[in-house]
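Listed next: structures, encoded as structure tokens.
One chain, chain A, links the two complexes that follow: it is found with chain B in the first and with chain C in the second.
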Partner chain A sequence: MNFTKVTVAGAALACLLSSVAVPAFADTADKKIALSNNYAGNSWRQAMLTSWETVAGKASADGVVAAADAFTTAENQVTEQAAQIQNLILQGYDAIVINAASPEGLNGAVKEACDAGLVVVSFDGIVTEPCAWRIAVDFHQMGKIQVEYLAERLPDGGNLLEIRGLAGVFVDDEISGGIHEGVAENAKFSIEGSVHGDWAQDVAQKAVAGILPSLSDIKGVVTQGGDGYGASQAFKAAGRDMPIIVMGNRHDELSWWKEQKDANGYETMSVSIAPGVSTLAFWVAQQILDGKDVPKDLTVPFLSITQDTLEASLETTQAGGVANVEYSQEEAQGVIAGAM
Partner chain B sequence: MSRYLTANTMRTLLPALSLAAILAAIFYLQPRTMSYFGLNLLLNLAVPIALATIAQMFILCVNDLDLSLGAFVSLTACITATWLYDTPVLGVLALAGCVLAYAALGALIHLRNLPSIVVTLGMSFVWVGIAVLILPTPGGKAPEWIRALMTLKPALIPFPIIAVVVIAIVVHFGLMKSAAGVVLRGAGGNPLSVERAGWSLLKVKVTMYAISGFFGVLSGMALVGLTTSADANIAERYTLLSIAGAILGGSEFVGGRVSPIGAVIGAVTLLLTGSFLSFLRLNPDWQIGAQGAILILVLAMRMLINRSDKRS
Partner chain C sequence: MNLTEKPWIWAWLGTVSIWLVIASISGLSAGTEVLTAAASFGTFFVLVAIGQMFVVTLGPGNVDLSIPACMTLASTVAMKVMNGSEAMLIPGFLIVVAIGLTIGAFNFALIILLRIPPIIATLSSSFLYLSTAIWYNRGLRVKPPEALAEFATGKIGVVPLLAIAVLILTVLMHFVLHRTYFGRSILAVGQNAKAAHLAGIPVERTRFLTYVMCAVLAAICGYFLAGFSGGAALNMGEEYLLMSIAVVVIGGTSVAGGFANLPGLWGAALFMFLLVTMLNTLGLSAGYRLILTGAIIVAVIAISGKKR
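This part shows the complex of A and B:
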């Protein structure tokens, strides 16, 4: 028994020494991090996976971590993602970064992971299980600032059309809740109609085209991202006056906005979450594995584009992609320090 | 064909052999799974799927097909995570009501001679609708005792294995070995003769649908015990999984020809296929296709066996 004690003490001492002697990431060189993702069917998620590949892939090539693999479930289903997480535990990963299909439905699998000694970091679609870390976005606020922006632009108020996301997903409820709170505070606005655009341009276009004939004059369109361009096309096809459509940082939305801005001075704003938040989650997981003290709840700011920053953002956004910010290890450490 | 390896025994053995093959492949790819802890994680989601597959099998047995099972399991999961947790009495009543509703469906399908596919497809929207009303956003909590049961860690053998074996054996003896079971199965295979022998086909259908509803309820409860909460679409995939699992396990679309043990094995095999493909690091876009390919492979083998059966 004495021998064990000595080894443990020795190991502890070695850890202590190594963390002093070498840069912070050396301790995670043998750790494996997995990304469990529930959906990849839109440009935002594709950009999120690309960001992960760029940053986490490089980190694993550089030897900061042993592996950083991304896994996406074939169908956006709680039961599938739960099985996937359980498989990742069995594959011997040290940390799992999750974009969850449901905030509650994965708690059983997340608990299994924590009990098996894994670090679980959730982002974007977060999980409520207390043992997991959460990198949350204030989606509520993201909905509300759209109405606040419109209130500035439209002093007389008017009718709004709301385009919602995927029904039953809590992000949709959160953004919509923020929008409705904004409308409640600004009595001059009323939401005339509400459709589900599923965060996809084609779906949004069809849905808006379907509801437009039943709506009177629409002054503004509040959106959730990935639906602004589709909405503009529906308005154009119906020959209606173009309302102020809040965009969602997608390339097609930004380039349409730029086109309109050049042609007739069209003004709007754009807001969404940078898909690179996956890279923040990656570094947070790495920092936790490295033994750093990280608060369980972190907040990530959303990325807004204004009339003035449009050109710059459009330039750095790939065709078919989303305006993005990727995090470096130092920036992630900054976010963590800011939350302490 | 040797005398000992007849087509019939081959047919019975096929599901078990597929399971053994996939299990061996998983053990080879990921030796970590070959432990108490590993098997537990690998198989715990098999319990609700096995229950749903049994539910589907009872419907297949009377020559019908249930396209609403996934939605129904979602609904029972929502009831379990809300009413059964907050007010157990109301929860039990609601779940009993679900079983009765299934029995009524059986009666409706029989009396009006409606195609079960149409009725159940329609009902699937009703189930989802009620589930959304009960639980508009994901949430709810698993009742303590269900959670405790589903996370039970018995000595030696992991709980999911015990659970699926018990399910298979109970249903096997109930449906395949009992006198009542023979009538119930006969009504699916040859309704006319069963009716001529003086049995009420209506009673048979109602019984089978009620049993199916009962297993659907159990599936929803087991699922919530694992996930700790529910949402209105939680078991959407179970409709197809349960049909595929039952067919994979040796049931056939012609009624009467079912196998409870096979159905459970089929359900477990399907679940393991997913793990197997993920251990292979196969691109997820291919996974559904690959799952389908494995299914076709097993069914093709069964066709071959059936054909050699006819030839000999």
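This part shows the complex of A and C:
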């Protein structure tokens, strides 16, 4: 009967596909991995969770791991996330992948997890507890390369406007530190004004609109991501010349850049971290559970978009989302091998 | 009547003195541009603060903490439904109003039926609204229709269109507060709910209408803010929670309820924008900016509070 044949062929094909796609099949098939996430209230974090569902969800459906569940705390509080980690230990997970609310605040709970025999991998928001693995972003460098790019584009230098993130957050200090180091090395630049945009387009737009009238000619705007489009709208509303605004990979920023590029040849760059770094963290945890030797400190590569790659990036970026890269197991192994 | 006895005078005095500082640092033409920006952004503060002011005036314990979530949910749904199409502008607006009505009614149901204090009720319901917004569109930023963006950022000369519209609304609301049965009921309930009830004022109906009005105004603010800033975002309402309360209090409305005024909202909204702008212009680091912002707000409230 035709129906049976198709089913049998389909099943055989499925077996074949899954065994081809999953070389590390055997050793982690009974392991459970949990994602402990501290915040979900912006588009970057939503993309991060979607990537996790796509990649880790498939890995668990394919039987690479027994489970890959995502948990997000409601209040972005250290105490809440510590309690969540303790619950995950009790629920019998073998590994916890953490995007942490604080670098130090969770160390107690992380130590408990390690002592209970769990593998802990932190990424983006990393933890300092030595027993955990860290997939860190070199935020300092992310600030510095913006100034280095502007130094190439503006041989005569000029005034810069800095848009910072959320005051008091470690990431904001790191990126800003990198920017200021870059400016110190390039004497032709000076930071004429600095405002906090809270990584939100509307807040950045408001802060820039306020300070702009008191600033003289601005040649470049250094940013932290999620604030470039708002800055461009503030410059436009004030009727000022459009400076080189460094973008942060958001879809609205990229599509505005594309419009300007087509209209008047506007040139800039865009840099941020792909939300899919959660999938790198997932594979790292899987590799450790698989018994592989993985260094404790790994670095995430930036996702940069240039004048030439703009169109391609825009095409693969979901409308309204953020440019993303999801990692496969082989790519994660590549990152690990690169750090050895 | 002596001007210094008006509760709203202090916010305006603060606004004028801060503007003078900015103009003396950056010059007169920069000062004018700053005023235009202040009017553009102050408009959104005033829009949510009008609703918050009526709620606060209902008396001790009345406050709406679901304003940010309401703005986010209403604008997220509207932007996705309109999907950039100008033909959908009116349906989009009606959806926003409907969401505001629903949220206001739901908030009040929690407060009256389940007897939950307004602070807890509106704080917990905002988790529901924000989660609904996340579930509905996963934080994707949909562009507003071009006509909405043009209206929201449009100007006549140096005066933003939206500021004119909200100014007209403010005048209307001034009339509603002081000259209509509904407005006077709010003041009466805020001064003494029991006396108001004995005088035959429908206390619960007044509270219901006030919470609904606050949610509708927040939803409308979200609609225009999304038009202004190029789309709805999950974190777009965040600063409007503290801001809506700060603008109401600095504007000279009594936190204990029963006494409100509308001119103070504009004074306070411009004051809050200009204050941050001045500290940015002076180039102070974030720590000093936050300390000074807090200290100046406390000072304004303390000075204006003495008169009452």
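Observations on the model:
One rule holds in what follows: the second predicted complex is superposed on the first by the 316 of 340 C-alpha atoms of A that agree within 3 Å, B and C clash if a C-alpha of one lies under 4 Å from a C-alpha of the other, contacts with A are read in each partner's own complex, and residues count from 1 in each chain.
Here is the rule we go by: a residue touches a chain if its C-beta (ideal position, glycine included) is under 8 Å from a C-beta of that chain, and two chains touch if they have at least 3 such contacts.
Small disclaimer: the values here were computed from a predicted structure and weren't measured.
One of chain B and chain C touches more residues of chain A, and that partner is C.
In the superposed model, A:Gly168 makes contact with both chain B and chain C.
Of the two partner chains placed around the shared chain by superposition, neither chain B nor chain C is touched by A:Val121.
Using the contact criterion defined above for the overlaid structures, shared-chain residue A:Gln84 touches chain B, although it does not reach chain C. Contacts of A:Gly210 after superposition: chain C is touched, whereas chain B is not reached.
In the superposition on chain A, contact is made by A:Glu112 with chain B only, not with chain C. Touch criterion not met for A:Ala95: it reaches neither chain B nor chain C. Shared-chain residue A:Leu254: touches no atom of chain B or chain C. When the shared chain is aligned, no partner comes close enough to touch A:Val183: not chain B, not chain C.
By the touch criterion defined above, A:Pro103 lies against chain B but remains apart from chain C after alignment on the C-alpha atoms of chain A.
In the superposition on chain A, the residues of chain A contacting both chain B and chain C are 40, 74, 168.
Residues 30, 32-33, 37-38, 41-42, 44-45, 132, 137-140, 223, 225-238, 271, 274-275, 278-279, 281, 284-285, 287-288 of chain B touch chain A in their complex.
By the touch criterion given at the top, residues 22, 25-26, 29-34, 37-38, 40-41, 127, 130, 134, 137-143, 153, 225, 228-231, 233-236, 238-239, 273-274, 276-277, 280-281, 283, 286-287, 289-290 of chain C touch chain A in their complex. Contact residues of chain A toward chain C in the complex are 40-43, 45-47, 50, 74, 164, 167-168, 193-196, 198-203, 205-207, 209-214, 229-230, 233, 237-238, 250-252, 318-321. On the side of chain A, the complex with chain B involves touching residues 40, 69, 71-75, 77-80, 82-84, 86-87, 89-92, 102-109, 111-112, 116, 168, 170, 173.
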